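Lettered A, B, C, D and E in written order, each chain numbered from 1.
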Amino acid sequence: MYLARVEGNVTATRKHPSLESWRLVICQPISNSGEPEGVPQVAIDGHGAAIHQRVIISSDGLAARKAVGDPRSPARWIIIGIVDEKEPGVPV
Amino acid sequence: MYLARVEGNVTATRKHPSLESWRLVICQPISNSGEPEGVPQVAIDGHGAAIHQRVIISSDGLAARKAVGDPRSPARWIIIGIVDEKEPGVPV
Amino acid sequence: MYLARVEGNVTATRKHPSLESWRLVICQPISNSGEPEGVPQVAIDGHGAAIHQRVIISSDGLAARKAVGDPRSPARWIIIGIVDEKEPGVPV
Amino acid sequence: MYLARVEGNVTATRKHPSLESWRLVICQPISNSGEPEGVPQVAIDGHGAAIHQRVIISSDGLAARKAVGDPRSPARWIIIGIVDEKEPGVPV
Amino acid sequence: MYLARVEGNVTATRKHPSLESWRLVICQPISNSGEPEGVPQVAIDGHGAAIHQRVIISSDGLAARKAVGDPRSPARWIIIGIVDEKEPGVPV
């Protein structure tokens, strides 16, 4: 589960049918101080995260399949929370 | 799930029987601005992605086994979408 | 399973319901000598780890779902131990 | 699933019984142009890969347990293919 | 599955009950030539590995839960072999 910053949206017309109607966002993992760390992940978003918003993302096949409602879905990464604040206090 | 650029094809005569007839492509994870990030992955492709095309790849054993139709397959990474556009607008 | 240092708390009002009432902490993986290594992880904490404390974190969907008591939870990383001491003796 | 180069053999007398009689090889993930990328993996080899040969390796617990025939095996990484050629044409 | 060098022991009084009585060791993944690569892992050890010994570690939830005998355990990484020798011949 990464603390990440939303960096953009991805549109894909040809995709696995289980992803139909799901928003896909590019999430850059960040450190506690907000620096980018590691490889960006594409995650499905059911929370309506805004661009540049801080989120928590997780990778779990079972939970992602339940989220999209398809037991054959290849989805893995999902936004599981929108960050309100962090402590110690680096501005979100 | 990575945003990635297709970099090449791999041919393997000796391979796990479940991969027979599947195209294997080398996918380089990239950042939102298109820079290479992290280690390239070999993915199975059922979408017909072209060389240098942007794709979304995911790693899920259950979904990959269902995709190839073999409950013993060691396949993990699959192309799950072909990227049409990204927002903010870096050309795909 | 990483040796990690607790770096902060994360508050998220909008989040997956299974995370309700769980404390989320940012854990920076560290080397044997205490240097940061790799990407920080957000973990759920049932041990009451203090800021800067050394902990062991693990990523297992099944165990995390059992810990939070929700078979649909997307939780993965959990604090599984609070480090008392290490050997050879770098101060904890 | 990584494109990788076989770098050596590992011999372990004391090991998990499920690995008995399996050859263990050190596989260095490589880029499309053959440069080393990321951390080497130890994989079980049922294909007889030669030192310096290019292979495809994958990490799947279920498939690895079926490959070694032991439902308790901790094996994960296996060689799933021997690379014949790549396109565009970097010599294998 | 990484080739790794044992770098230290970790003691944790407060920990998941399934880890009670298990030795936890810090394992630094290494390359074929013995250089550190990537992030150290904490692994459970049932083989009695000595400090600085070369080992093979693997990450599999199912196998780790069977090893510790607790279907709810969050354990993932375990030492699965003690390295005797490598080929080509870098001294172990």
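The rule is short, and it goes like this: a contact is a pair of C-beta atoms (placed from the backbone, for glycine too) under 8 Å apart; a residue touches a chain by one contact, two chains touch by 3 or more.
None of these values were measured; they are calculated from a predicted model.
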Contacts common to chain A and chain E (chain labels): C
Partner chains that chain A and chain B have in common: none
Fitting chain A to chain D on CA atoms, where both chains share a sequence, rotation angle to nearest 5 degrees: 145
Separation of chain B from chain C, taking each centre as the mean of its C-alpha atoms, in whole Å: 31
Distance from chain C to chain A - Cα centre to Cα centre, in angstrom: 19
Junction residues of chain C, two or more chains touched: 38, 61
Category of the chain touch graph - line, ring, star, complete, other: ring
Direction chain E, origin chain C - full chain order round the ring: C, E, D, B, A
Footprint of chain E on chain C - complex, ascending: 1-3, 29, 31-32, 37-38, 47, 56, 58-64, 66-67, 78, 80-88, 90
Chain B - residues contacting chain D, complex: 7-16, 19, 24, 26, 28, 38-43, 51, 61, 65, 72-77
